[in-house]
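Each structure below appears as structure tokens.
Consider the two complexes below, in which subunit A is the common component and subunit B and subunit C are the respective partners.
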Partner chain A sequence: MKYRLLLIGIFLLLIVVPNFLTSFYKQLLIEILIFGLFSLGFDIIFGFTGLLNFGTSVFFGLGGYLALLPILHWNVGLWIALLITIVICSLFSFVYGLSISRFKSHYFVAFTIVVSMIFFYIAMAKRPLTGSDEGLTIKVPPLDLGFVSLRFSHPMVKYYFVLGVCSLVFFLVWKFFHTPYGKAIIAVRENEERARLLGYNTRNLKVISFTLSGVVSGLAGALYVLHLGFSSAHSFFWLWTARSVWWTIIGGVGTLFGAFVGPGVLVFFEDLISTWNPDLYLIIMGIIMILVIILAPQGIVGSIQTVLTKRGK
Partner chain B sequence: MMASTIALSLINGVVWGCILSMVSLGLTLIYGQLNIINIAHGAMYAIGAVVAFYVATFLGSWGYSLLISPLVMAVISVVIYVSSLRFRVVGYPLSVTLIISYGVMFILEQLTLLIFGGAPRYIPNPLPYQIGFFDKTYPVYRIFAALFSLATIGALLGFLGKTKMGLWIRATSQDNDTASAMGVPVPTVYMFTFVLGSVLAALGGALVSPMTSITHHMGAEIIIDAFIVVIVAGFGSIPGTIVAALILSLTCGFFSVVTSPVLAKGISLGVMIAILYWRPEGIMRY
Partner chain C sequence: METILKTEGLTKRFGGLTAISNVNFELKEGEIKGLIGPNGAGKTTFYNLITGVYKPDSGRVLFMDEDITHLPPHEICKKGFARTFQVTSIFPRLTVFENVRLAAQVGFGGGVSPFKDVSKMKEVTDRVDQILEIVGLKDQRNQIATEISQGDQRLQEVAIALGSNPKVLLLDEPTAGLSARETRYLVEKIRELFVNSMIKSVVLVEHDIEVVTDLAYTICVLNYGEVIKDGPAAEVCNDPKVQEVYLAGGKINAASQRP
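== the complex of A and B ==
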């Protein structure tokens, strides 16, 4: 209950705060929300289902191009582009998830990381379609709300749009993991054998979770492309997967909210270090990752929850 | 003309396959023994090449690097093992060790960037000879590199088969509890295996350094190749590793002539995925 009040408080804060920020920090906040959505996709598949997907960049890159290409070639509106992203991303991740549902642990990691690299190489090779490493640029269409049409490049419009999408997805995913079906997915993470013996079709549960994770990550990719008005083959590169992994781990695996806290802390942190010495960022990042996984494997949000529940008793 | 181009790229494939086998064997050893996928393996490979660059520049001869690169890497890998991996080896889920090695990768790669700089560098070919091949020529050094990798693999097999430490390594990878009960110092064996695997990566980097441009991120591509080779090979299988490495590099060599080199990388990885799909338990059982 307290947790829910805290979330509502943070949501209200996020609505009010940007009015007092400079344009630079507004952009930073938009990126944090988008990266949080991307990490949320990873948290669904890793934190809630126990499958270590080391190829989330596939969805990120694919979602981005699915939003970019229709706008570039057919001049469609914002909503249609997002709809195309969601529909094709869910179909793709459903088929992808179905085909790899029999793999576990190392094999799952190998499969996903290599598939993401195959996508990267194909995107690099198909220059006319993807623009390869120079990428493609679009003019982002206006946000049509029915009664009024707003310029998307305006920071406040963009911010509230991204905030709206992120909170809606966060709320839906949160609700989903409180339904019996969502709880069954958590049971698969805890002990797959036992869940199967209890009569759950664990394969279906894993595929559903994989699809959900793919759609959420793909949506994040689409928002990122709309934010920048640009996408390149590098969005398929495994550095993006790495980012979703460390944001989620440091924020707190299996907490949903941690997926947003991770980028929230780290994007500011990166900005801070980059102004001082950009080369040191990844070194410090590596050290923090190792320390977090050894000393506090639940991450920031998980650790705070543990402390709060202990005090509550 | 076309036939000799394809033949040359296939020979290139074999040469690269031999080097990749050696590097992947390092990963296989660590995987079979500690059950860790060491993502930092690629960064270790790059460090091997960077050390070779400094040896060739300051000592005047690249040849010493075949000794110095592995020694430097042995020291670095002991530090990595003692400082982080030691705490989280046995009984921890894959994700924990994988993320530790991920962190190690960033640290190593970025430290290399700080010391070495971002610009690619080259070292002169230590064996600047060519041999005739139909209407083309082929650099002798590459053949030396392939033979050297094969010799190293042979020496490794001899070491595992004939020495006491080799016996301990094989026993521990089969059953660490029983090995421990029989008096094998399991923690020492773990550390030794990790060092041995890392040394193979550094040796691969040193061997490749006269053939390509040396950068701090040159390990990023080989780690994906080595990773899929180890998985396709089957759990810790040494002959499987060699076969899988050859399949990967030969398909890549063939398709880089038929299509573009970048697409060839994608296609060869696709072939590996297809093999994994068809035989998830690995291509070799022993």
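== the complex of A and C ==
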């Protein structure tokens, strides 16, 4: 209960806070939210289903291009672009999930790495389609709310739009993991054989979770492209996967909210330390991450939850 | 009494080893049937064949006259089977309550929905609390499953199996690793559940002959994958062939289970 109040408090804070921030920090907060959404996708598959998908960059890059290409070539609006992203991303991740659902543990990890590398090299090679490493630039269409059309590049419009999408997805995913179906997915993470012998079709559960994870990560990729007005083949690079992994781990695996806290803390520190000392910053970031993993292996949110439940007793 | 579970000529080979050989087994509705035999007699393999974890080389498994031999495990279990495991198999990082709820939501509340809030499904919650109450795990309700005592974990194993309200319960050495006192407690609980018809038809695999004779009406004896005797408990226990096989190897095993 306390935890829920904390979440609502943070949400209200996020609504108010941009009014007091400089334009630079507004941009930073937008990126944090988008990265949080991306990590949320990873947390669904890793934290809740127990499958280490080391190729989330596939969805991030794909989602970005699915939003970018229709805008670039057919001049579609913002909503249509996002709708295309969601629909095609679901179909893609469903088929992808179905085809790798038989793999287990490290075979699964290896396979996802390979797929993400393949996507990266294809994106690099297909210059006319993806713009390769120089990328493609779009003019982001306005945000049409029916009664009014807002300029998307305006920081406040962009911020509230991103906050709205992230909160909505977070809420839906949170709700989903409180349904019997969501609980069954957690059962797969805990003990797949047992879950199967309780009568759960664990393969289906894994595929659905994989699909959900793919859509959420893809949506984050689309938002990131809309935020930058640009996408390049580098959005498929494995470094994005690694980021989603460490953001989630630092924030707290299997907590959902940790997916947002991780990038919140790390991106903020990254900015702070890199302005202070650009040479040392990667070393210091590394030390911070190691310290968090040693001192709070459950991540930031995981540790807070543990403290709250212990006090509650 | 109707026959609820039946196998016909069930055979399973692992390479050159015939683990289960031409087993004809019958479980009537509303009875507890013991399945005994020395180590390696094929008892757990038999369970794995019934629940579809292994597929037999020949023979059939019939559940209420329906052939379920070739169904995948989750569909077989959904039809009304539940089993416990020789080695405790629970959901380690969830609470005792959540563990049982995962089973209860299969049988209650109208299917595994992706839209309803599970904590608001009263039918499911009631069922779980009822089971925890009877089994005696009410006080441990909100503890993490692996943080309770070994004996309580065995009880929890049974509680999970009961959750989905199965038609047939397959118990695989429920008393393994328990002290004499805990064993008596568990036997009493199983009897109580049976009398209150919380469990209906049971197959009980057990090393401890006393537990089996305490609970089972009929006993089936396996040796090297073959049924050597099947019948009423008293008759089976006095059978010279059973005594030869079981008491020679079995008594030592049964004794070593107790500290």
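Observations
Going forward, the second predicted complex is superposed on the first by the 295 of 313 C-alpha atoms of A that agree within 3 Å, B and C clash if a C-alpha of one lies under 4 Å from a C-alpha of the other, contacts with A are read in each partner's own complex, and residues count from 1 in each chain.
In this section, a contact is a pair of C-beta atoms (placed from the backbone, for glycine too) under 8 Å apart; a residue touches a chain by one contact, two chains touch by 3 or more.
In this text, all values refer to a predicted model and were calculated from it rather than measured experimentally.
When the two complexes are overlaid on their common chain A, residue A:R194 makes contact with subunit C while staying clear of subunit B.
When the two complexes are overlaid on their common chain A, residue A:L308 makes contact with neither subunit B nor subunit C.
Of the two partner chains placed by the overlay, neither subunit B nor subunit C lies in contact with A:L272. By the document's definition of touching, of the two partners only subunit C reaches A:A184; subunit B does not.
In the superposition on chain A, A:T202 makes contact with subunit C only, not with subunit B. In the overlay built on the shared chain, the residue A:F176 is in contact with subunit C alone; subunit B does not reach it.
Touched residues of subunit A, counted separately for subunit B and subunit C, are more numerous for B. Judged by the touch definition given at the top, the superposed model places A:V245 against subunit B, while subunit C stays out of reach.
Once chain A of one complex is fitted onto chain A of the other, the partner contacts of A:H106 are limited to subunit B, with no touch recorded for subunit C. Those residues of subunit C lying in contact with subunit A across their complex are 51, 53, 72-75, 77-78, 82-83, 85, 89-94, 98, 101-103, 105-106, 109, 111-119, 121, 124, 160, 163-164. Interface residues of subunit A, counted against subunit B in their complex, comprise 46, 52, 54, 99, 102-103, 105-107, 109-111, 113-115, 117-118, 120-122, 124-125, 238, 242, 245-246, 249, 279-283, 285-290, 293-294, 297. Across the complex, subunit C is touched by residues 175-176, 178-184, 186-187, 190-191, 193-202 of subunit A.
Within the complex formed with subunit A, the residues of subunit B that make contact are 31, 37, 84, 87-88, 94-96, 98-100, 102-107, 109-111, 113-114, 224, 227-228, 231, 259-260, 262-263, 265-266, 269-270, 272-273, 276-277, 280.
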